[in-house]
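Paired with chain B in one complex and with chain C in the other, chain A is shared by the two complexes that follow.
Let's look at the complex of A and B:
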């Protein structure tokens, strides 16, 4: 009975993810698209909770739903007019991409469904924080300290790069004819 | 224990050390002394490059997540040589007033991408590989958008970022299918689960190789290349076309031989097809370019097709030929880009017709460019001939005569458009050729290194033997 209930919940969440993901990419208004994306990310977190991945679910909410969506909305509000509508896609492009998506989707689905996956014999149990923390800082097999450290290089480079691109320079206004009107 | 870690990760550690040192200099050094940072970095990186050739035994660290060997150290060293030449060429550009304020940031970003490539080459599992790939590509987008005052440069940055995000997504989907089959991401364990081949593996592999093909800009995944190459600052374009492409080719060969070796019959045909398409389409598009940077972009696409020739026949000669080819490709392409950059720095001209009559005013630059073009086309006695010769030999040894035939046909086509540039410089008349100018000492040194390299690497056979010995032990 419990299995049936969790199955029903899974299908509801999965349907919600699919529905809002579709809305997110087809919406003509960029801010609405971001909001739909937010719902997709929250639903994904719900999926994790259903699978008993408490930590992953929490990270999903805190990082993606909390951090990244807010950043996306911020950058939309800073750079463009939020009410601006996208231009409609040309008919040929629409049908060509529809065809590509449908064929790719059908092929992947067929291959994945026909694959004989070995059912895991393990019970889905909650992974405790203790072992996650140890794995993150372990340097043996299945330990992730190297990746953890190397990512810091990526973050440092990303920050420096963001500063380089966004920093206003003394020569900026003079060299570019497009900028000279707005900066003076 | 610590010593073992240091000796195996010495290249990564010393490169990160240089990058951090530049960062500290940027934060603390007085503006007046900022000039000295570039030469000091050059010297340090030169030492780092030379030390990279010192042989150390390989090994595995972090439970197999990080793996290195003589062959992988050699691949990193080859990239180092290219980056060193690029650094030399970049000095004149960095000293310009618009760029000087952010010259240190340029160096840091450049070194971070190189660090990513190191980790990618040395990765022992898909997680490390993916993180390395991202470190190698995200800062590249910022380098492409480095000329913040040109909208084309920002366009190049955005295009590169979106394309690399898309290709990373495709690649990750492929990796997730591999994980679904095996339940592991370690390169050592994966081959056990892959045979017998299931359709799911084939699907995952196609996604995975498509993602890599995006990074290597193989046809039909090349559409971003020309715009990004044209929009980026020339120095970044040369980095894209030489170092990024070389690293992607290295990691592809490592993965194909290490992880997917037993599925050879499956991927051989894919590589065959990609190789033919890339050589031919790249060449046909290069024929009609008028902008020298776009022209070099398409020529580098077709060169990537030649690299794939070394992959269809799996043996040590193939890998040797790939490393040798990339070394020579780095030298010849950087020599061409060096001339383009020297001219663009002084005059800002980037069209092929601007080069008309260049020989009359700048004979040395014209000769260098001519050598670079000959080497890219593969005319003896330049090194480009030998590198292509070994690749063709290897493919012919595996019985791929049609592939070699197509490759030779493509070489002939490429000869035509490479000679167009030579013709523009030496024969085409021009009443107002680019005026005579003298480049700075760094640019001249870089061009000298590439010219000597174009001859020496081809004629001096111990270099090939050296690479071969290392690969045989691998």
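Let's look at the complex of A and C:
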């Protein structure tokens, strides 16, 4: 009974992911595309919860759905008019992209479905907050303290870079007088 | 009594109701190529960024599924997924800062209009 349930849940989640991902890249309105992306990211978190990786699902919801999508929606509101529609792409470009994607997709699926994956017979470790936190900060064989520090420096650099790049330059008004008038 | 619970791939499959690694890989591969399709056909910089997020997300599903089915004794896949999410957040922040700067300069974020550095 329960065995069938998790399979059904997986197929529902997979269908939601693929359907909304497809809508997200083909939608004509940019705000709707962002909403569909949001649903895709939430469904991915559901997939992680299905695999019993609660921490990863929580990180996915907090960072992707809570952080990145909100940032994308903010930048959409800053840079485009609501209800603005895209022009359709040229027919040649559409079909060339479709062909390239379908060929790559078929090739990858063929490789995946024909490759015999070696079954693992090791014990499954319990993944919880405790083990994740200890592994993140340990420096022995399975520790990740170096990557952790590198990521923290990367985040700091990205934060400073984002602030510096998006700051208004004082010279902007002189090079483009129309710009400074309209922005005030 | 104190024997740890052993879970083999077959038992894990039984636990997952017969779901195999391939099911997850098919989903993530399809998602990856949907992202590539969006990356190739979109003209707006923000929608291109959204396609990149789709691609990174599909890679995360791959890492997690490999960890669950092939290496349940370790947590490398989970940590890679966490680090990919962190890098994606940093990348999105910088990319959106650049996009807003481009919008200020060119009054548009369509890629046809932003060709100043092309030649």
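Rule of thumb we're sticking to: the second predicted complex is superposed on the first by the 170 of 184 C-alpha atoms of A that agree within 3 Å, B and C clash if a C-alpha of one lies under 4 Å from a C-alpha of the other, contacts with A are read in each partner's own complex, and residues count from 1 in each chain.
We take it that a contact is a pair of C-beta atoms (placed from the backbone, for glycine too) under 8 Å apart; a residue touches a chain by one contact, two chains touch by 3 or more.
All values derive from a computational prediction rather than experimental measurement.
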**OP:** Would you check which partner chain A:154 touches, where first means chain B only, second means chain C only, and both and neither mean what they say?
**Re:** both
Subject >> chain B versus chain C as contact partner of A:128, first or second or both or neither >> reply: neither
Original post:
Which of the two partners, first being chain B and second being chain C, lies in contact with A:37: first, second, both, or neither?
Top reply: second
**OP:** Based on the superposed arrangement, let me know which partner A:114 touches: chain B (first), chain C (second), both, or neither?
**Re:** first
Subject >> Which of chain B and chain C A:101 touches, first, second, both or neither >> reply: second
Subject >> Residue contacts on chain A - larger count, chain B or chain C >> reply: C
**OP:** Return first, second, both or neither, reflecting whether A:71 touches chain B, chain C, both chains, or no partner chain.
**Re:** second
Subject >> Partner chain(s) touched by A:162 [first = chain B, second = chain C, both, neither] >> reply: both
**OP:** Identify the partner contact of A:146: answer first if only chain B is touched, second if only chain C is, both if each is, neither if none is.
**Re:** first
Original post:
Which chain A residues are contacted by chain C in one complex and by chain B in the other?
Top reply: 108, 112, 117, 142, 144, 147, 151, 154, 157-158, 161-163, 165, 172, 176, 179
**OP:** Flag every residue of chain B that touches chain A in the complex, lowest number first.
**Re:** 16, 23, 61-66, 97-98, 101-102, 105-106, 108-109, 112-113, 115-116, 119, 127-128, 131-132, 134-135, 138-139, 141-143, 145-146, 148-151, 154, 157, 177, 180-181, 186, 198-200, 202-203
Subject >> Residues of chain C that touch chain A when the two form their complex >> reply: 4-10, 12, 14-19, 21-27, 29-38, 40-44, 46-47, 49-51, 53-54, 57, 60-61, 64-65, 68-76, 78-79, 81-83, 85-94, 96-101, 103-105, 107, 109
Subject >> chain A - residues contacting chain B, complex >> reply: 107-108, 111-112, 114-115, 117, 139-147, 150-151, 153-154, 156-158, 160-165, 167, 169-172, 175-176, 178-179
Original post:
Considering the complex alone, what residue numbers of chain A touch chain C?
Top reply: 2-7, 10, 14, 17-18, 21-22, 24-26, 30, 33-34, 37, 40-41, 44, 47-48, 51, 53, 55-56, 59-60, 63-64, 67-68, 71-72, 74-76, 78-80, 86-87, 89, 93-94, 97-98, 100-102, 104-105, 108-109, 112-113, 117-125, 127, 131-132, 135-136, 142, 144, 147, 151, 154-155, 157-159, 161-163, 165-166, 168, 172, 176, 179, 183
